[in-house]
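Please find the structures below.
Shared chain: subunit A. Partners: subunit B in the first complex, subunit C in the second.
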Partner chain A sequence: MIDRYANLDSPLHSLDPRWKLLSLFILILVCASVNSPPAVFFAAGAAVIIIILSRVPVRFVFHTLKAPFILLIVMIFFLVITSGGRPLFGLAFITVYIDGLRMAAIICIKALSIMLIFIALFGTSRLNIIMKALSYFGFPRILTGLLLSTYRYIFLSFEDLEKLFVAARLRGLTLRKGIGNTGTTVNILATLLVRSYEQSERTYVAMYLRGFSGEFRTLEEFKAKPIDHAKGSALLIVSALVLFLEYFLRLKR
Partner chain B sequence: MSEEPILQVKNLSFSYPEKKGVLKNINLEVERGERIAVIGPNGSGKTTLFLLICGVLKPHSGKITAMGEKVEHNRFNPRISYLFQSPDDQLFSSTIFDDVAFGPLNMGLSRREVERRVQDALEKTGCKALAERIPHHLSGGEKRMAAIASILSMNPEIILFDEPTSNLDSRNRRKVINTLNSLSQTILASSHDLEFLLETCEKVILLDEGEIVKTGSIRAIMGEENLMQSHHLEKPHSLIHSLHIPHSHG
Partner chain C sequence: MHISEGVLSAEYVVGGYVAATALTAVALKKLKKEDIPKVSVMGAAFFVSSLIHFKIGPTSVHLTLIGLTGIVLGAPSILAVLTGLFFQAVMFQHGGLTTLGVNTVTMGCSALAVYYAFSQVRAKLAGKKTLLAAAGGVFSGLGILLATLMVAALLALSSEAFTGMAVFFSISQGILAIVEGVISFLVIQQLLRIKPELILGKSPPLTRLHDDR
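Then we have the complex of A and B:
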């Protein structure tokens, strides 16, 4: 769960959630938009410092990055052999291009920076607080409510799915049999869908019985102190510096 | 002058579109502070009766009055609470604290009052240490106690417990029994765990095929072996005075 370490104490944890959401979201957008190596490396450095400041355990960070990193590796592989441009070396029918490597490195660093900032954003506040901050900025409440419910119940659905597959395996389902088992797999997924629907109905009743009227209320009250303004502004300055490096160098060229 | 019943159900009938006659002409009166067990085989209408009492379902005919007011369909009434059979249906917030605070916050109470009620409910159910935990990470017993805390924080006058001991080990089952016995509210509890009902309730309503078959003292009714068997129930072991254990001859 992404907000597992939301109760730690760090400069990021204590930052007003609205400032955190605004400044880190802008930094994510800036990271995604820059392409020049100095700007990308500067943003990556900032992301690393931010994650260190967040005090989220390194093991958790690596664990969270594992799945996207595998996707990145696949993407890099295809990029370096298909980008064209100056060839670096060739192996049989595969040619690795310098431009492809350069592009892959930039994309890789940008993606990792964005993910680190993402972990710092969602890992240092409970999700319902981030959602409340999103609502503060005008994000529709129905969507924040849906996101929260999805986040809470997706783990249950995965558990259910696992149990259904175990039950099917114990009665002879083997994934190696391929197409023959497609029907069973579809049946399992359909069962999961029906169960999830029923679960959502029961949860709605539970919420209604406790007075839910479309808004997730919390005891958390947002109060931005001068230190929050300072920290938030510092993060915005980081974004500005990244943009400056990107456009200053472009103009110099 | 005797006090008005806290809950009155008059000529209540209900059908689902796919199942007719789920409840047929139910009449019952519950006095304040009473603890009533609702027993019956699967599909006898226990959960439906509870959902009607708390206003989730709309009766086809008849009337339900609680605390002197008609129970309206789809109107939030914090004075009547319902504990779901599965705590996963009940715990939907990111932490147990948030879940227990959910009802009081929607009741529009002050911050101080919400915090007081949450702390009270967590203490009563022994869940104080779980306040910051994520529901998904709790054991079945912990989830059950947290779900009970989430309804106690609303300070309801009537609590409907639907299978509160299902899937619990004996230690957690005992916790639920002790918590229920410490409550002063009016309680209606449905369960197939008849020993649990014997320990927590004084009266029983026997439901079968949507009708109330018999009401009265829990020990008297559960002790009637023929009656229990004719409605696919078993007389609880604690009410069987002499158990015949066959001797082994070796």
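Then we have the complex of A and C:
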């Protein structure tokens, strides 16, 4: 789980969640919007420093990045061989293009920086705190409430699914390889949906009886100290520097 | 099926967020109080279901179940899509935060299109369960193709260099669309057998508690 290390102590953990959300979200958007190598490399450096400051264990970071990185590499492979432009070399029926390679490198570095900042944002606060910060910025409360209750039910659904698979195995329905698997899996899927549907009815009745008004409430209170303003502003300055590198160098050219 | 982090340029990221905000705002406005738990519990169930791998021949695929989400949840399915994509980004770093807007629009519109198409035939085919399930399967497959087309168009528009990548993407998703259609057909058929109101959309007695409004 991404917020497994939300209880550590670091400059990022102690930062006011509102400042953290605002400044890191802006930095993520800025990272996504730049394309010139100096800006991209500067942003990547900043992302690495931020993740080091967050004290989230390196092994966890690598573990989190592994799957999306493999997907990224597959996508990038197609980009390198289909982008067109100047060819670098050809192997059998595959041609590798210089422009594609350059673009691929930029996309890879950008994606990695964004993912690192993402881990720094969601890995250093519990999700309910981030949701509370989101509603501070005017994000509809009903949506944050929906997100939080979905989060909870994802784990319950996982448990349900696990139980259904165990039950199927105990009844001797071995999940064979090949198409024979599909029938059993479809039945498990349908049962999971029906169970969840019935669960949602019971949940609604329970909420209704407790006087649910369509709004979710929390008890967390935020207090920003001067040090939070300093740290938040520093992060905003990093974003400004990345943009400066992108547009200043473009103008100079 | 979603666009990864770092691929789209700023204008597409912002445009995606603007469009997704508009869609979400409409869905929230139309969301009834009694549908809130349904969207979150079913949203979670669809999220978890989409992680099941189906072994098809030598390979295995995992589905998006986007059509089924649309059919079961109706107009609020866009909220389930948004939360699903958000948690895919938060839990597995798939998709991403910058592309959340764009992905919500492509997947959400496809869920809504399937819902709309299915609701047109639902009443007419209510007695013929196999035919109704088949229609659901076909619409779900077409929904995947619609989302694929939107993603491919976005990729090709955002940079000429992505055109080849968009073509490869479309071909692989075309195969997924067939698998998704077949599985959706089977699941709908099974649901019609054990809990028809999930597909036929009649509200169960418990949620009629609200008649005192």
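The rule is short, and it goes like this: the second predicted complex is superposed on the first by the 209 of 253 C-alpha atoms of A that agree within 3 Å, B and C clash if a C-alpha of one lies under 4 Å from a C-alpha of the other, contacts with A are read in each partner's own complex, and residues count from 1 in each chain.
As a working rule, contacts are C-beta pairs under 8 Å (C-beta built on N, C-alpha and C of every residue); 3 or more make two chains touch, one makes a residue touch a chain.
Just so it is clear, the model here is predicted, and its values are computed rather than measured.
S.K.: With both complexes overlaid on chain A, does A:149 touch subunit B (first), subunit C (second), both or neither?
M.R.: The answer is both, since A:149 touches subunit B and subunit C.
S.K.: Between subunit B (first) and subunit C (second), which, if any, makes contact with A:219: first, second, both or neither?
M.R.: In the superposition, A:219 touches subunit B alone.
S.K.: Figure out whether A:11 sits in contact with subunit B (first) or subunit C (second), or with both, or with neither.
M.R.: neither
S.K.: Would you check which partner chain A:37 touches, where first means subunit B only, second means subunit C only, and both and neither mean what they say?
M.R.: In the superposition, A:37 contacts neither subunit B nor subunit C.
S.K.: More residues of subunit A are touched by which chain, subunit B or subunit C?
M.R.: Tallying touched residues of subunit A, the top partner is C.
S.K.: Please work out whether A:128 is in contact with subunit B alone, subunit C alone, both, or neither, and reply first, second, both or neither.
M.R.: A:128 contacts subunit B only, not subunit C.
S.K.: I'd like to know which partner A:100 touches here: subunit B for first, subunit C for second, both or neither.
M.R.: second
S.K.: Tell me the contact category for A:29 with respect to subunit B and subunit C: first, second, both or neither.
M.R.: The answer is second: A:29 touches subunit C but not subunit B.
S.K.: Per the definitions at the top, what is the overlap between the subunit A residues touching subunit B and those touching subunit C?
M.R.: In the superposed arrangement, which is not itself an observed complex, subunit A uses residues 1, 127, 149, 151-153, 156, 199, 202-203, 205, 207-208, 212-213 for both subunit B and subunit C.
S.K.: Taking the complex as given, what residues does subunit B use to touch subunit A?
M.R.: Going through subunit B, the ones touching subunit A are 51, 54, 56, 74, 76, 78, 81-82, 84, 86, 88-90, 92-95, 98, 101-103, 105-107, 111, 114-115, 132, 134-136, 150-151, 154.
S.K.: Write out the stretch or stretches of subunit C touching subunit A in their complex.
M.R.: 4-10, 13, 24, 28, 31, 33-34, 36-49, 52, 54-57, 72, 79-80, 83, 86-87, 89-94, 96-98, 159-165, 167-169, 183, 186-187, 190-191, 194-195, 198, 204, 206-207, 209-210
S.K.: Where on subunit A is subunit C touching in the complex?
M.R.: 1-2, 25, 28-29, 31-33, 35, 64-65, 67-68, 71-72, 75, 78-79, 81-85, 99-100, 103, 107-112, 114-115, 118-119, 122, 127, 140, 142-143, 145-147, 149-154, 156-158, 160-161, 175, 177-179, 181-183, 185-197, 199-205, 207-208, 212-214
S.K.: What part of subunit A is in contact with subunit B in the complex they form?
M.R.: Contact set of subunit A toward subunit B: 1, 3-4, 7, 126-128, 148-149, 151-153, 155-156, 199, 202-203, 205-213, 216-219, 221.
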